[in-house]
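Quick heads-up: structures coming right below.
Here chain A shows up in two complexes: once beside chain B, once beside chain C.
Right, the complex of A and B next:
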């Protein structure tokens, strides 16, 4: 296998970055679309499950034809698409208003910090261990070179993810401050307190896989948690998984914990004064953060690019018949499928559980989640000491 | 092209260092307290970049995690909570300027002494590294975290524990100060 020169490896890295951005910009709008539809079904809001292009044009013709054939039209799954198009158009075309007494520089900086911090995290996430694909030999300049599954699979990848994700707090806090208005300031302060306190149990719950896998490298951790453990050693990790997911909801400000924006208390919280694409960047950042939390959960608790959660794959692998052996091979599709499932869980929870009160959130975080995370860590250490 | 990129890569440390200095200057020079905090954040992120350029990934990322993720957020939180009016701000700064000058003078003297030693003094015969028996079987470039932890928990255990006691003292002191103010 040829080794790439420095310029070639930089070009490959840029291609990987491009792939990540494409992934993000495919997943985020689809999640927004799915959120409208799933919430529509859960809460019996009919609009987003019915709106379609009508009875005219190509899709209308297909709908009518399929009804005539006595089948449910395929396109009915895509009902609500005009709503998505409207959302995106509104974000792009709306007038960008800046409050007169806002701090202009910080007002401009805040959404970009949110967005950059959310997307840079993907540097350490590897979708496949090892090589993702190899450029065919005829490819100009890069022929025959391998493209690895992660952009930078550094030895402290997990810390990188946690560290950069915490920088995202600044986006919200600074947005709240720079708007020079009461509700955003309250939202910003609330979010700073909430996110800093929920970072502690989040990190502690992620330490359990670190202890078990004895590594901080993303792909190494995900592969050891998927295949390198005896199955019973992973049972306590179910607690860790639920803990992590709870804290992840709080970190991304999703519904049971959406204190920073709580629309019936704070109008819209930290982004009250934002409009147009600046608001769109916050919106994007929230969904990208959801994707990142889902990616971490699926890598460390659900077996990453391998198929079954909690390391059951390793148990099953020897008994797989030959034609099903792809089932046991790592593939990016499994990883993405798990991420999509967890994103669905996000929407599901949002449609089911009402918002906590602010003091309840802090009490749950400090009095229950942190001790539970410590007990879970202790359990993992005991398992590590005696079993693995 | 190849040569150009290589040159940039070799000088990454200097680039990040200069940007960290710019961040520090912004922190000192800006009028608003929030802008100062932002300058500090910029400096901290660039220092993390310096560590990354030296292939000390663990230290660099810990820098981001601890400073950018924890400490500076708390700074921001406090600055936003305790919004000082312009007049009072001026009084506070005037009250402290004498002590500040003294502290800066002492710090500058210490740094000058260190730099004089670093630039003109005799180089130490061996670099400050882990005890060789601790670093055995360890690829330090790729096992950053392990190397640091062996250093902390085996080689330099006592200084490490003393440092944490100092932090505890600071914590208790902060609680005492807050209590007396309220009474």
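Right, the complex of A and C next:
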């Protein structure tokens, strides 16, 4: 296998970045669309089924003609999928209003901080250990070179992810402060308090896999958690998964923990004064954060690119018959499928559980989650000592 | 201690999730299937909506096996109708002992679909069918009778009139 030169590896990294950005910008709009549909289905209605295009213009004429023929118009058809395009176009084309007394620079800076903090995390996430694919020999300039499964699979991957993801809170707090308005400020303050308190159990619940796998490298951790664990490690993994998911909901400001934008208390929370693409960036950042949290949960607890969750793959693999060996190997498709399932779970929980009160959130965070995470960590350490 | 345990084990959350998950799968697997006997919700214009068996739709005159109108003009339906939308004119027909309705007019625009006429009928000669897409563009389309091409009392009304806001 040829070793790439510096320029070649830079080009390969750029290609990886492009792939990740494409992945994110495919998953996020689909999640926004799925949110409408899944929420509707959970509440026994259909969600958006079609886009009513206007009665003007060529499309309007076509729609009217088709309705008159007793047919459903094709342009507005197929279960509301065209609404996705409409959503994106609306966010891009809408007028961008800035409050007169806002802090202009910070007001501009806040959405970019949240967006960058959300998307940069993907640098350390590896979708599959080892090579993702190899360029065929006829490919110009890069023929025969392997592309690894993550952009930068660094030694301190988890530390980097947690550190950068925490920067996202700056975006929300700065947005609340710079809008120069009551509701955004309250939303920003709430979000700061909530994020700081939930950062602790989140990190503690992620420490159990760190202890068990004895590594901070993303792909190494996920492969050890999936294949190299004893049966006893199932218990701290399941508890840790539930803890992590709960804290992940709080970290991404999703229901039932959406204090920063509680609609019936603060108009829309920290992004009340935002409009146009600046609001769109907050929106995107929220969904990218959801994807990141799902990616971490699926990598460290649900077995990552392996098929079975909670380290069951390592227990099963010796007994796997030869013709099923494809299922014993890591594949990026399993990883993506788990991410998608967890994104569905996000919407599922949103459609089920109502919002907590603010003091309840704090009580759950400090009185239950942190002690539980500590006990879980102790359990993991004991298993690490005696069973691994 | 009990409260602590209940908080620790997310059984309530799991119960709630199972309820919403059941609703999700019910709607997801039935909404666009044409052949399911009963829909919670359906993607309506593409999937024809099914109604309950006792749904009260438009009034319909029935015919027997020989193609004769079953109605014998006892005028029970006309008398009991709260909004007086039924008008019957008695007549005679060759080779029929019973009286024959020369005219059976039904003004659907005032009908309240109460089904009193069907209940009062001693000869089972009228029913309310399962049709609910009864909107029309003209007022005259709501006057139904024994004669006429589309909107008569024996056949279904022309269906598929989806509502559009213009002309």
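Note that in this section the second predicted complex is superposed on the first by the 354 of 388 C-alpha atoms of A that agree within 3 Å, B and C clash if a C-alpha of one lies under 4 Å from a C-alpha of the other, contacts with A are read in each partner's own complex, and residues count from 1 in each chain.
To be clear about the criterion, a residue touches a chain if its C-beta (ideal position, glycine included) is under 8 Å from a C-beta of that chain, and two chains touch if they have at least 3 such contacts.
Model, not experiment: these values are computed from the prediction.
Of the two partner chains placed by the overlay, neither chain B nor chain C lies in contact with A:91.
In the superposed model, A:68 makes contact with chain C only, not with chain B.
Shared-chain residue A:352: touches chain C; no touch with chain B. Contacts of A:103 after superposition on the shared chain: chain B is touched, whereas chain C is not. Once the two complexes are overlaid on the shared chain, A:374 sits clear of chain B and of chain C alike. Of the two partner chains placed around the shared chain by superposition, neither chain B nor chain C is touched by A:142. Among chain B and chain C, the chain that touches a larger number of residues in chain A is B.
Residue overlap on chain A between its contacts with chain B in one complex and with chain C in the other: absent. Interface residues of chain C facing chain A in the complex, by the touch rule stated above, are 7-8, 10, 13, 16-17, 19-21, 23-24, 26-28, 31, 40-41, 43, 45-46, 160-162, 164-166. Residues of chain B that touch chain A in their complex: 1-2, 5-6, 9, 32, 34-35, 38, 41, 45, 57-58, 61-62, 64-65, 68-70, 73-74, 76-77, 80-81, 142-145. In the complex of the two chains, the chain A residues touching chain C come out as 38, 40-46, 49, 55, 64, 67-68, 70, 72, 79, 242, 348-349, 351-353, 364, 368, 372. Those residues of chain A that touch chain B in the complex are listed here as 5-7, 10, 103, 105-106, 109, 154-156, 159-160, 162-164, 166-167, 169-170, 173-174, 177-178, 185, 188-189, 192-193, 196, 199, 216.
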